[in-house]
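Next come two complexes, and both contain chain A; in the first it sits with chain B, in the second with chain C.
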Partner chain A sequence: MTNNDTGYIKRTLPKNVGKLGIILFLVGAITGSVGFFLDPARASYSYLNSYLFILSIAVGSLLLVAIEYAANATWSTPFRRMSEFLASSLPLLILLVIPLLLNIQNLFLWSHSEEVAKDHMLQAKSVYLNTPFFSVRVFVILLIWSLFYYLIVKNSRQQDETGDLLMTKKNNKLSIIFIPVFAITVTLQSIDWIMSLESRWFSTMFGVYLFAGITCSALAALTFISVMLKEKGYFHPKITKDHFYSLGTLMFVFICFWGYIAFSQYMLIWYGNLPEETFWFMQRWKGGWKIVSLFIIFGHFLVPFSVLLSHPSKTNFKKLKFISIWILAMHFIDLYWLIMPGMNGNGLNFSFSWMDISFLVATIGIIIYMFNRMFEKYNLIPVKDPKLQRGLDFHL
Partner chain B sequence: MSRSNKLHSVAAIFDNPDKVIFAAEKVRDEGYKKFDVNTPYPIHGMDEAMGLGSSKIGFVTLFFGLFGGAFILLFMWWSLALSYPLFIGGKPFFSLPAFFPITFETAVLFACVSTFIALITVFFKLPFNNHPLHDTDYMKQVSVDKYGIYILLEDEKFDKDKIIELFNSLGASSTELIYQPKEEKYSMFQPKYLIFLVFLAVGTSASTYLMLNKLMYINPFNWMEFQEKLNPQESSLFFADRRSMRTPVNGTVARGFIPYPYKGIANPKEVLSNPTLPTTSFLKLGKKKYLTFCSPCHGNFGEGDSRLNGQFPNGPTFHSDKVRNFKDGMIYHIITNGQNSMSAYDRQISREERWAIVDYIRVLQRAKNAKNSDLEEIKKEPSTND
Partner chain C sequence: MSLDYSEDMVQFTREPQLVELDDLIAKPVETNPSKKYFLALTFTASLLLIGIICTGITFYFGIGTWGNNQTIGWAFGITNFVFWVGIAHAGTLISAILFLLRQKWRNAISRFAEAMTIFAVMCAGLFPILHMGRPWLGGYLMPYPNSMNLWPNFISPLVWDVFAVSTYFIVSLLFWYLGLIPDFATLRDRSKDKIKKIVYSFFSLGWRHSNRHWRHYEKAYMIFAGLATPLVLSVHTVVSFDFAATIVPGWHSTIFPPYFVAGAVFSGFAMVVIALLVVRKVFDMENIITLNHLEKMNKIILLTGSMVGYAYLMEAFISWYSGVHTEQYSAINRAFGDYAWAYWTMVSCNAFIPQFFWFRKIRRSIPAMFIIVILVLVGMWFERFVIIVSSLSRDFLPSSWTYFTPSLIDLGILIGSFGLFFTLVLVFTRTLPVIAMSEIKGIVKGAQPTHNGGAN
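This part shows the complex of A and B:
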């Protein structure tokens, strides 16, 4: 089952790409650290926002890899490596989470024992929401994700040399385990990092909501990078517009899914009309936040929906590039909208800080740097994957 | 199916999908336009090989999807907010979030059903079920395990021998000439057919009737049909006098009814005070009701100039000092209670409308007795014609 004659030639990206990554990271990290000195509370929130952004792309990409293995999909096999590269910042997240855990007091009301003593609701929740358990949970989940990343990617790379069918089978099993594990862990992470910012609020759909956003952003990152590489000629020549059509369709599907989940969450709370749930939306409908909320309805759903609706637009490189960057930006704004209104308890009006940007810049730097490193070391397509030839031959 | 000797198309059978894709590409490149491919299952890449653009069916779906969504949204607005407003969970009558799921479902329903109907009628030409390919060896093979192409006679480049040569050079395992079927006509009014229709109609009606009313008539519950209550005029064993209709307890007030305290009193010592404000719209209501109910006897301007020509005692003028000095409540009392030969109007005219009439009579009186200073007042106000 080996297949060497794929016509793939290994190349490296221009030197500047790696440098660009480092520069972006340094600029962001330095300005961000200054922020931690000037206004640690604000910096913690901005940091959390960008942290969840990179987490979304990393773990979402790992999920895409797992879905491909679990479903035995062939059309996406040529794209799998790119998702693997994008997931490569996953182990780094274990280091990146440390500043957040150090600033836990700046983020979460439930971490202040005097506040918990005052509030019956927080006392009831303190079995789950307490600093030691929280930190352990966060580390364990990140370790589980990194472990799966390590195992799946190791098998995938080993296959580049041996072409062993066993690796595909192993990864298929690993992926089938990973997907339910991901479902549970991502729900816990969404509750831990975002929902517990406003400790009194709860929504049973919240995990799914974050999952929808994560998948959108991972697909958008994959689409953007593959279109760029295809245009610049790094990608395999047999990748046709049919492949990109499928990527576009998948993005379209998950945009619809996001819209469906976002609306369902809103509608249930609106219908139930219970003050302990509605305040969360009310707060995001006040002042400047109202504009952000409206912008998300249009930007995260209606714009990508209408751009991706027609058949030709899913194969149009310009539109694909535009919309994937747009979706990534919208995911960042969505996270902003989820996190920031909880700052300093409730009632803070919409405000913007340069720190929000500096951590984002650092994050993008990390993604670019890691991608470039992986690109140098490994093949861009899994050259000896038994499914590769069928993937390259894919037609609609 | 018996065939005429008119040619329909030339068809070829291929043994595997690669060959048929290759053949489709070549046929396209040769410049044939009117040809089609039949395969037992969809083959990836066939659209491109045949040179088909993207299908137009998407526009049908889009149009009817939007139409269905807009239609149901309007319908819900009309039925739930306009025609029969219902309070549901304390929400506004037109509350978009609650209507979204239904709008979405209906849009999908319209889109799917219309796509299906458009496919089978416009694209497959449904009522026409006599396709020449039916019942040919070619069709028998391509619906099992072979792949086929046929080129239609209508194609501009059609040339029987050249096409067969082309197919053979592409590796066809066999070729076949397909002829138009003979036209077969049946008269609508054959006696056999008509008798069949009559039997069919009688048979279906009879069996449906028997089925629904006799065989399947099961009453799962009957507590709506036979309720434990007494209808008016029914007798009841429960009460000694065996009447089901009981006199209400003293002081019972019917729903929505506010009793009038001075009912039946000819010259009440005190009357109600006017609870309303003479707004423009309220006065308009008063004018309307006045012209309907009072003007026949009291005249359009309350001058006692009846239109009844002596068939009934003329209603007196409202511009007498007596009526001008009436309290609002007194006029209200006369409308509600009647006075001597004028009957009571409380059954025809609602409370609010009665007060509106009172206010309007005040307007008439004021207009009759205008002072010079009123002119100044009017000049100040922007003029309105009514």
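This part shows the complex of A and C:
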């Protein structure tokens, strides 16, 4: 089925990939539902963690697509479809967020009117942090993201059929609008879902921090999948080590960026030493959290930094696979570290729970299933994209 | 049947010949300057003279001649320092970061931007020295085992600043010089004047354009670019720590590091655009420094300006969200207090005006961009002024709340720093090639050998 002149042959993944996705999802969803039944408060936190993980990959991938269009990048054009596939769970988030909204009371102190009445700080914030406004914000932002996903991806797919240049121009415009919209919305989401868990804490850098993590994880997911597909021979033969070198470099850059943001945020709060800010980090330095904090410094920055620093390692498939899974895991742990300690302020005592894993399993199932579905339906590379040839011919 | 990306790739509006390039670029260096040049030099040197006189007055009478007062201990001095350090960021961004990003269009403008970096750091470096009031004690900023057993206060971000800026200056200078070596050799080979020949020979370090030289050069250039990249980002980060590490409301904000870096690139690019607009016209280099280059720079100005706008939004929002009264007060005071005029100048020049660059026509219109980038510079100067002065003017002790009025000496030194900067730029255009000859040849058609015979 060669439907183009680039030499790309469409194939489908083995059947059991889709099955694996469904099985993972079912296992996770069933055990997770049991969790919600047994301990709804604890389950909400686990669910939030996994929800933000899938959100990171989905919206981060859409951002990568948008950046490619906005910057007129050509080397990444052969990879663009994979980011589009990874972003395909974005509209699903509208459904997935419902259990969280039903459990707002379990997550956020500011949603309890009797607590707000006692605390003047919560009263001061109640204009922004209240259940109706919060829910509207969440839905509107998810709708905006889904709309952009729908429009950009529709144009991109339509181009596969028609080869219409207008589609690229349309997507350029959409992407340029999406990027500032993304900056604002992702900041609001970071404040809503994470910062307001400990409603007294505040940091102007926080949106940027989450953005850095999101981009790292989206790039890592893209790298992992493209290396796998390349190794198994699904990918275009003209994709060379130079392409993977560029992907690795991009991951390296965002790891450094994450490290920079994380360090600056910590350093400034530590140096300023104001109790209204430091308590957040103190919370994460108590008991076992100390180990997690240290592990994040090493795992989210130093390990990927040293692995990706040299030129050969960015083209070594084994290392790329390892480090991209590592970065994804670290992003999950980072979210865990951001979310879970907030529990103590809400009258719960944190302890590790099997639910943390079950929701993660369900999330991975969804990503695999959606990817496989998209893979069956659409071409793996944008076959008639005007930039494709330049992208395939890319050499350092 | 392909989207027209050719326009993005055009490096020259008229493809130059290799010989022609050398002649064109070396012309300002090899010919005697015109009357206009001397007029311009006289003008900038007079500005510089004003600065020198005011500096002399400051040294003689002390900091009391400035407008600084009891609570507003930092005002023009530090504002100018941060402003000039910010300007210095564009050069390394263009020469190192765009190099690592394989943006070939940088080749035409990198030399000039780097030179501006070095001059801007020089201007910046003056202000902390002047601000000390006892400039002869400046040596104590450097940690060395001296007879007085005095060490700088290592936990102070101000000391980190000294290290960051001086390291940055040294690395930028070396990076610039490294790029100049092949050009020095070209000038040496071309020059007929004996003294010039000796000087250029000295600086070209025996460069013979041999294959081996080039290999070492390329490697060194890559390493320098890799080193300069984290360095350039760290400099303004450390400058932002000067403020953010304190607990002064309006200064203590975690977003300061990336926000300052974005602002620095923003103002630096604005300054480079201004200078390039003049240079390309005066030296007939319009086909090398094309509208495409300027448009790309304007896009970066739009991007970084919007980042700065995002930071303004975050600061305002989080100061409300924090629920901390002092934070809320400092935000309201900035926007509606005594310095509201400065605040709104800053917001409109930095966040709103660059939004005009969304339109391709404006990005490519020389008069429009000239006005916009000048406003950007004004806005970025005011940004530092607003941050520093508005926060300091509202001390924790309301009885010492006060207003800052600059003295004539303050203004004179500011004018003088512009004089110094532009004098150095003018001298530079007549002594060194303003475009990197060797680099620009690398992107002329046919210069890059390919497997299929240059057919792309």
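As a convention for this text, the second predicted complex is superposed on the first by the 386 of 396 C-alpha atoms of A that agree within 3 Å, B and C clash if a C-alpha of one lies under 4 Å from a C-alpha of the other, contacts with A are read in each partner's own complex, and residues count from 1 in each chain.
Keep this in mind: contacts are C-beta pairs under 8 Å (C-beta built on N, C-alpha and C of every residue); 3 or more make two chains touch, one makes a residue touch a chain.
These figures come from a predicted structure and were not determined experimentally.
Participant: With everything superposed onto chain A, say whether chain B and chain C fit together or clash.
Facilitator: Aligned on chain A, chain C clashes with chain B.
Participant: Between chain B (first) and chain C (second), which does A:Leu102 come into contact with in this model arrangement: first, second, both, or neither?
Facilitator: After superposition on chain A, A:Leu102 lies in contact with neither partner.
Participant: Applying the document's definition of touch, where does A:Tyr271 land relative to chain B and chain C: first, second, both, or neither?
Facilitator: Once the two structures are laid over each other on A, A:Tyr271 reaches both partners.
Participant: Which chain, chain B or chain C, ends up touching more residues of chain A in the combined arrangement?
Facilitator: Between chain B and chain C, C touches the greater number of residues in chain A.
Participant: Is A:Ile191 contacted by the first partner chain B, the second partner chain C, both or neither?
Facilitator: The answer is second: A:Ile191 touches chain C but not chain B.
Participant: Tell me which partner A:Met282 touches in the superposition: chain B (first), chain C (second), both or neither.
Facilitator: neither
Participant: Touching A:Leu302, do we find chain B (first), chain C (second), both, or neither?
Facilitator: The answer is neither, since A:Leu302 touches no partner chain.
Participant: Could you look at A:Val140 and tell me whether it touches chain B, chain C, both or neither (first, second, both, neither)?
Facilitator: neither
Participant: Name the contact category of A:Tyr128: first (chain B only), second (chain C only), both, or neither.
Facilitator: Touch partner of A:Tyr128: chain C, not chain B.
Participant: Does the superposition put A:His311 against chain B (first), chain C (second), both, or neither?
Facilitator: first
Participant: Between chain B (first) and chain C (second), which, if any, makes contact with A:Ile30: first, second, both or neither?
Facilitator: neither
Participant: When the complexes are fitted on the C-alpha atoms of A, one of 117-125, 243-251 or 315-323 in chain B overlaps chain C. Which is it?
Facilitator: The stretch that clashes with chain C is 117-125.
Participant: Residues of chain A that sit at the chain B interface in one complex and at the chain C interface in the other, please.
Facilitator: Shared contact residues on chain A: 267, 271, 273, 396.
Participant: Could you pull out which chain A residues touch chain C in their complex?
Facilitator: 72, 74, 121, 124-125, 128, 163, 165, 168-169, 180, 183-184, 187, 191, 200, 202-208, 256, 260-261, 264-265, 267-269, 271-274, 276, 386-387, 389-390, 396
Participant: Hey, which residues of chain B end up touching chain A in the complex?
Facilitator: 44-45, 47-48, 54, 58, 62, 89-91, 97-98, 100-101
Participant: What residues of chain A sit close enough to touch chain B in their complex?
Facilitator: Its residues touching chain B are 263, 266-267, 270-271, 273, 309-312, 394-396.
Participant: Any idea which chain C residues touch chain A in the complex?
Facilitator: Touching chain A from chain C are residues 1-3, 5, 8, 102, 230, 233, 237, 241, 244-247, 252-258, 306, 310-311, 313-315, 318, 321-324.
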